[in-house]
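Here's the structure, in structure tokens; my notes come after.
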């Protein structure tokens, strides 16, 4: 079930270059949220809402955390909102990560840039189920790195940067051989990263979270479709996704 | 000389139904302002600025007072601005009241509704020159009355309301016979009031302040013209006005 | 009590508010927000002869007070719509209007004929103006004699009232309106989107994969009002007005310009409850401006 | 150093920024805000054969991200402009473009010929698209053969390069562009305003006294970009682009779509310094997107 809710901003702070962490309070949305879902946020009077992933959820405190990067007019404006103000939000939207993994299994999280946020809530939820977590997080450069400590709290965490200014130099796919065996992977990040990753990990059980420009965010407008791999159908990212089985869709 | 200035809001408060008094601080504009001039105020991201009269000016404190009534989307938004915020303003604009009256002469101020504001600064300035002031102020009804005390501070003040809920019942023109002799009149208010007034006072020396929807506010776009009485020319309200000799233009 | 009801060919509307085609799918998603029985009618997403997958993504972009879209008529095809979507919508106590599209005259006829199979649909909205499909669509919408031909063909094929949806991308909207009226249209729907484009600076190419898209939202309202105002004086059939409606005051503006009912599109994306909220606000807005009914306001802004 | 200069027929522009016709008068008012020598050019308010008083007021209205205007070509007449306005503007080290309008072919010729008397004007902008005058104007702007005829006549009458200003209120902008190119136009100016209307609810009548007005501002930018993009691929003459420009990013978007220079209209009303500020910001915006010059960006957004 989706609702249009007012979410109170509990805090907002910069956590990396152009990157903000915002904690939002709302009972309904925090109660329902599962990892991989997102919020559709009304910013000012913009015609279209902005989709932002749920990066964490504290069900006791009725809090949702979002992490966002300034990417244009909407996110710039969002960064100016202050604690105490309210955001008009549709949510929680989309289908989350299936996360039907068994206790004791090992799963790999692979995040790139602003694809990192949804993996944190996922990792936290999996860890609570007794699953082992290994994370690879890729960023452009040192100033962009965020949430390293939080992911280390979940398990082994490898950071890579494009230019080597922090952690390993290169792409997330370059360090895959440094992690041991894993049962399933979950990933979110830019399309080229997802392409490289799913190609390298072909045959492995895996799930990816995708982005597309959206209209309604609820499945009514057909703005955010992508074709299924077999070519006979399509999926709506906002409703059927944003998380898909790596073999399900064409990216 | 006109400048584009940031004016700091010193205070903002409701003074009558849907009517606000806002005190703004700015050195340049308060230094230059003469009675009858107006400010062209940018509100939010509205395409067009809103023209609002200068209702008072305190040159020692660098303060300008404006009085405005909620009349649509822009003025509603203006009413939400708080002390401490800044307004982007073009000003001071237009030609003010000539006010070349002699000391000891008597002048009559006639204001209707939201046409009252510019007359206050004018009256105050004239009084400082030793001129006698008599004011007739017309409002819709009791809840709309504002600045009665301020005008009483300038001299005799007669209030009329359309429905008689305060002061005399009727129009400003109905009480003209209650004021004694005067040398000149200055008026601002709705067109029907100005028409009735100038007709009744034909032949008397008088000046009226006019309104029209504006584009640029500085004389460049020809949005705000009105024909001269002789039919051969036109005047721009924003630049040649908003104050005109009662005989000069066709209303 | 302010009377919101309005009678149009084939449509007894309890109020003049309906979601616009393409902005409300087939009602399923928004039915989770409020009871669709509240609506005057629902205009369904366009139906074509067979399933269409539409254009590549990105399909939408934001513009100043508006948006561009190039969905490209994605839909499951008319038969699937009749089988799976119409029954869902017909649970609600509202009118159903089917928006029909095609690439050829024959496809339009086929789709129109298909809707004769169900008695749950109350009217057709003939979309001759979708700017986002290359073959067909737009030619019908910009050429008066082509528009008349497809109107005539669809009228023959269907036993439902036909509202022809006009494109604003024309030099002379009055000529288009008169042509389809003469061809038998029962009403007009106007306006569809205005063709526009946005260029994405970092990639140096049109943001919408289809290059151009249709501009909708408050940005186009003045164009919609002007066209309805002009057309209202030239035709005798009723107009369903649309283009940038966001609140009940906007609805009144469309009524004054000559629309008898209105559709709300883009605004659903910002606020899923928008149609419901407008229906709640409309009575007081009408009475604030001294109208006792919707009917009374229709065309009242026209001066000659 | 980013090179802002651009060479167009008759115009050696130090930068591609000019105030749009009708939004800057004859420069006097804005010259009090900054030195007009900074501008690539100034496009003067429309000139007609004799003085015109224009339309009744109200002449402007605000719309979502835009405005409507129906000034109605008020101007002191071409001779007065040459006598009193051109000398003032020619103090500044910038190019002067005269926007010319008329009700008849003969009036256009007369105005064009008048500008031969001064050597201070560098080009003509032929306004065949003013939607706010009943007699003439718009017919020239919406009919390709009429547009070609007036272009040809003005080219013959004048010894200046002629930029034809196109109306967006047409079904096929490419056809219009090709017609005036074939008739000898040296360049195009696009777009003029889109015809729109607003109804004033309390008075129940169109707010603009002329009923309809021209829509300008950010609301129309997607339409301008689309039309320039389409026309750029059909003609070989340069385009001066306009419609909703508010900042240097917008300028780059117009360049990518195929404009060689741009005009800024409505934005002057919000910010009298807008043209000057855009000129200051343009170099860094160009280099942020990896361009070394204005010239380099022209048409780079076009993909085939």
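Labels A, B, C and D are assigned to the chains in the order they are written; within every chain, residues are numbered from 1.
Please note the rule applied: a residue touches a chain if its C-beta (ideal position, glycine included) is under 8 Å from a C-beta of that chain, and two chains touch if they have at least 3 such contacts.
All figures in this text were calculated on a predicted structure; none of them were measured in a lab.
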Joint neighbours (chain B and chain D) are none
Between chain C and chain D, centroid-to-centroid distance (C-alpha), Å:
34
Length of the line joining the C-alpha centres of chain A and chain B, rounded to whole Å
57
For chain A and chain D, what's the span in angstrom between their mean Cα positions?
47
Per-residue overlap in chain A, given as positions that touch at least 2 other chains
none
Multi-partner residues of chain D (at least 2 other chains)
63, 65-66, 217-218
Building nodes from the protein chains and edges from chain pairs that touch, which of line, ring, star, complete or other describes the result?
line
Kindly provide every pair of chains that touch.
A-C, B-D, C-D
In the complex, the residues of chain B that touch chain D are 1-2, 4, 42, 46-49, 90, 212-227, 234, 239
Chain D residues within the chain C interface of the complex
63-66, 68, 142, 169-172, 194-199, 201-202, 204-206, 211-213, 215, 217-223, 225-226, 229, 244, 249, 252-253, 256-257, 289, 300-301, 303
Which residues of chain D touch chain B once you look at their complex with the stated criterion?
22-25, 28-30, 32-33, 45, 53-54, 57-63, 65-67, 69, 71, 74, 217-218, 266, 268-273
